[in-house]
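Working notes, beginning with the structure itself.
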Amino acid sequence: MLGKNKLGACLPTFSSCADRYCLSGYGGGGTTVEEMLDLAVQVEELDGLEIVGNWHVNDDIIDDVRKLFADRNLEICMVTPDLWTQAKWGRGSLASTDPKIRREAVAEVKKSMDWAAGVGCGQVDVWPGQDGFDYPLQANFTDAWKWLRDGLEECAAHRSDVKVLVEYKLKEPRTHCYVNSAAKTILLIQGIANCGALLDIGHSMAAGENVAEAAALLHDHNALDYLHLNDNYRSWDDDMMVASVNIPETLELFYWLKKLKYDGWLTLDIFPYREDKLPVARNCFAWMKALSQAVERTGLDKIGAVVSKGDGNESVALVREMLVG
Amino acid sequence: MLGKNKLGACLPTFSSCADRYCLSGYGGGGTTVEEMLDLAVQVEELDGLEIVGNWHVNDDIIDDVRKLFADRNLEICMVTPDLWTQAKWGRGSLASTDPKIRREAVAEVKKSMDWAAGVGCGQVDVWPGQDGFDYPLQANFTDAWKWLRDGLEECAAHRSDVKVLVEYKLKEPRTHCYVNSAAKTILLIQGIANCGALLDIGHSMAAGENVAEAAALLHDHNALDYLHLNDNYRSWDDDMMVASVNIPETLELFYWLKKLKYDGWLTLDIFPYREDKLPVARNCFAWMKALSQAVERTGLDKIGAVVSKGDGNESVALVREMLVG
Amino acid sequence: MLGKNKLGACLPTFSSCADRYCLSGYGGGGTTVEEMLDLAVQVEELDGLEIVGNWHVNDDIIDDVRKLFADRNLEICMVTPDLWTQAKWGRGSLASTDPKIRREAVAEVKKSMDWAAGVGCGQVDVWPGQDGFDYPLQANFTDAWKWLRDGLEECAAHRSDVKVLVEYKLKEPRTHCYVNSAAKTILLIQGIANCGALLDIGHSMAAGENVAEAAALLHDHNALDYLHLNDNYRSWDDDMMVASVNIPETLELFYWLKKLKYDGWLTLDIFPYREDKLPVARNCFAWMKALSQAVERTGLDKIGAVVSKGDGNESVALVREMLVG
Amino acid sequence: MLGKNKLGACLPTFSSCADRYCLSGYGGGGTTVEEMLDLAVQVEELDGLEIVGNWHVNDDIIDDVRKLFADRNLEICMVTPDLWTQAKWGRGSLASTDPKIRREAVAEVKKSMDWAAGVGCGQVDVWPGQDGFDYPLQANFTDAWKWLRDGLEECAAHRSDVKVLVEYKLKEPRTHCYVNSAAKTILLIQGIANCGALLDIGHSMAAGENVAEAAALLHDHNALDYLHLNDNYRSWDDDMMVASVNIPETLELFYWLKKLKYDGWLTLDIFPYREDKLPVARNCFAWMKALSQAVERTGLDKIGAVVSKGDGNESVALVREMLVG
């Protein structure tokens, strides 16, 4: 735990990660959920893990899964409906041009909500990554947007004890995803009860956003519900270790999270293709602690005073002071 | 005129353009408004021009300006408040941390609205380009957003015969501008009467948007009020000639403009630093006509049928057929 | 065939493409080489195909492979050593920090050269995609560069009837690949006999290059040996259909290829994740033919006269004239 | 001074910076050279300043300029030929299609070399920023490259006591500059005596390079002659304060500079549009000292041992340890 925030991780953090060239994976992680959990428990700060529908949980094994985690003192912090790992979602899920696929996508989310409830988790992560387009003149934006809204509305109404969170991303696997920014996510879910947003640092940076600004905007619309942490070089979702590239903006995010009193999960979404898995998680948590402590040590008031001046020199000096004294 | 749309241009199209290295300008255009107009009239398709407050119009010369344009059969399609050419706006205008500057910014917009009314123009272009930040920990996003909304609300209420349009841009002159996407612009103006949006193709592309999708989104929120046309290489607002780089997406935009029944201005926002000015305008209009005719020739129904399929092969084939037959 | 150039394709053009999310592939293509060939033969313009070492050819099946292609009147235009599909290459091949892996990489290239000779192909494509780094302070650039040169030198000396071509790419699968631009490739192979370069349009664009300029630079250093064609949105190797996004620069490339008298292969490197495979190849070849014919129709002299003026207006007008008349 | 390296600054660091929107400048700096120097002397670590030909030095004032600096105990670390501030260079200088302009550009560089010698400076910074193109089919790459080489060769032969350094940049003021990467710069100057390179951190980052890798590559070709320091968000030459955005890569650069025994100037190239000038220089030098000391404290051997492993976890842990202990 980091102050009020619990620390989580997506399962790929502890698995053998693959990409489009090395489809069998770069090795070094667990294959079964049990193997991944056995790695995960060795990261002492970890409070919970995300699981993916169908892959890690289904109707037949709900109780087993719950026990698997409970035995290891780990929570399940998220159930993610599988809307992106099968060929049938390739041209879209909730916004597919095929009404049958749209129905299946809604059903998949609802199932995942039930599984979430079954394993004691209060939220699902709807990531419409396959909903988008690749080529010019390939998308009817108006229809797609309506289908997304209708689908989310139906899902969110399915049961009130599990909240539907929408995760946005600029691109990948499509060259253009429809739900691609914090602001567009807010427009999408406006007026839909039981529906919120998930902010992924790397998705935000690769979308050209300042991530702290995205957090503030989501908070202003009561939609800062959950965070994925990682880092990248701004042009792609590299899923690298937290603060390994962009330290000042990650520091800025931690200031804003405290200022906004965000008390939700801080969950790693890392793809450690070539790295040993345990040090990856530990490296991330160590940076997160260092940045969090730098904010605490300096104090919200002092930081806030600088932030409110809008003076570049003072901001740069403050960041340096907070990091290297 | 291009179908129902009138054709306009920003004045820099006909002036000597400068950049931060060659501050005296690369030459070849007019210096006074009159000189620029004398160039502009030679572009036969041109229906109107944009002017900037203080620089091209003020209380003392409203009648002269109106006459200058009327004598040449040119409309004034936009008055742009000067919120970005003076050092005093350097750290922000409507969202400056200095309340005095915020007051001046609101006053400047109101003045421009009066000037617009005086010259027979129904809209002003509020481009908050200086409102943003450069460094991490340099901005209080929440305050800035509130000040932007409050300022716009007051401006929009000033007079109902001139509409306040907000132009978004990801960056430049700041490394981060607050109003940086179509979706965020919609959030900004939500609930403010007499307030709309201006879509600049290049700003949209450099913000990572598909510009036709941005147009559709703005239209869905009754905010597709005005267009700036140009082109770039996606990472910067290069202000190049229309369709000189990105033909398929510009073609897609023209399809959507017709489908959405956009009947507003199509105004060039080009910075022809090193080019003769007249051929620049003519090149742009020639491409715009070619793309517009390609849409007409093919027909909205046929295009719409392909678009609705979401099949990459059909979309690519259609674009090729529309362009090279 | 397109003038003097033969038309090829990489095998993924006809296979079910996978990415890191949908590891089992999006479907629709062949699984075995035979199935892929049976698709390929239906694209009438196709002259040949690339194959990958180990996956499609090995010591035991050389004759079978040769026959498989000969029976279908298809050439094998490239054998690509497998330096990137197995976990063992994850931290590098020719430039691995592990000398044993470096030896294996050299052996793999040599084996592929033998296979190439065996199937009547005069070149191998060394793509050191795993040779690079992800994080700051993770690479000894000097060592890596020396290892790359030493390895290539040894491979190129292995046999003179098969030329070693180096394919550059800015990133992916590493966040930084060492061999990342045309100029750096030239530096890498300088002074190594029997070693050339492979230019991939998409790699060049995503590296911030103008692809025609890259072709001219390689040609000036006698290293324009082979081409991969595709397209993307400039920030990633999207492997999309040729000219589907960037038409003017692809047209410019075709002008330069003719001017430079490039008479090598024009090979598709497309990943049609969600598209039917045959129309993808046909769409690409149709655009290539259209652009090639536009150059022929206009004439090298006329184009060259405009190019040599350096006048933006004339260039934009020429492109428009060549495309839409 | 920072170890063996002297600390410099370009004059804009102490002047009122302008951009294309606010052409009269954002204010706060000096206007005359004397005013800028009077600011500069207040930055105690500063050893020298760069000046630009024509603007700050010419035949008539060489002695005055030398005295102006000597009186303040400041060196002139660079004379930059003015190849980019006048309209006549707009379509190119050394690589202009107009042979008369090419002659003038060569003459301008030679004059600057004489001025450099006159003020006791051993190098000039040839930045061919206007040499490039904006539109497809606007450039004859082969001719341009030859003109660049011929021009540089003639300049470098002018006098051996002043070295000609070439500064590369991907873009701006042109959308494409010919000399755009470290590798291409090496190719350009290969075989030309008395000709080297200038590495600008921000130009390198915006060109997609890892800046330490660029430094190592230049060093391997005896061309790491001079450094410009600043920072940016990777897609544009924002000319921000050193390490204000990208700390790990700037740290990595300082490790490599020490490892490569670079003992040249470390010169700020910052455009503090909206910031007070003195704190800008001090902020930069403070970060440079902090990073330099972190390298010294940790030791080249220890860092080198991690770098040579190529293990992401160890690299990330090392950076964190070096920064926040």
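A, B, C and D label the chains in the order they appear, each numbered from 1.
The criterion applied here is as follows: contacts are C-beta pairs under 8 Å (C-beta built on N, C-alpha and C of every residue); 3 or more make two chains touch, one makes a residue touch a chain.
Model, not experiment: these values are computed from the prediction.
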With centres defined by CA atoms only, which chain is the most remote from subunit A? D
Across the interfaces B-D and A-D, which one involves more C-beta pairs in contact? B-D
Subunit B to subunit D: how many Å between their CA centres? 35
Whole-angstrom distance, CA centroid of subunit A to CA centroid of subunit D, is 40
Each of the following residues of subunit A touches two or more other chains, namely 91, 134-136, 233, 235, 241, 244-245, 248-249, 274, 311-312, 316, 319
Contact residues on subunit D for subunit C in the complex? 91-92, 96-97, 133-143, 145, 170, 176, 178, 180-181, 183-184, 186-187, 207-208, 210, 212-213, 216-217, 220-221, 248-249, 251-252, 255-256, 303-304, 306-312, 315-316, 318-319
Could you list, by residue number, the parts of subunit D that touch subunit B in their complex? 16-27, 84-87, 89-91, 129, 134-136, 171-173, 175, 232-233, 235-236, 238, 240-241, 244-245, 271, 273-274
Residues of subunit D that touch subunit A when the two form their complex: 233-235, 241, 243-249, 272, 274-276, 279-280, 283, 286-287, 290, 294, 311-313, 316-317, 319-320, 323-324
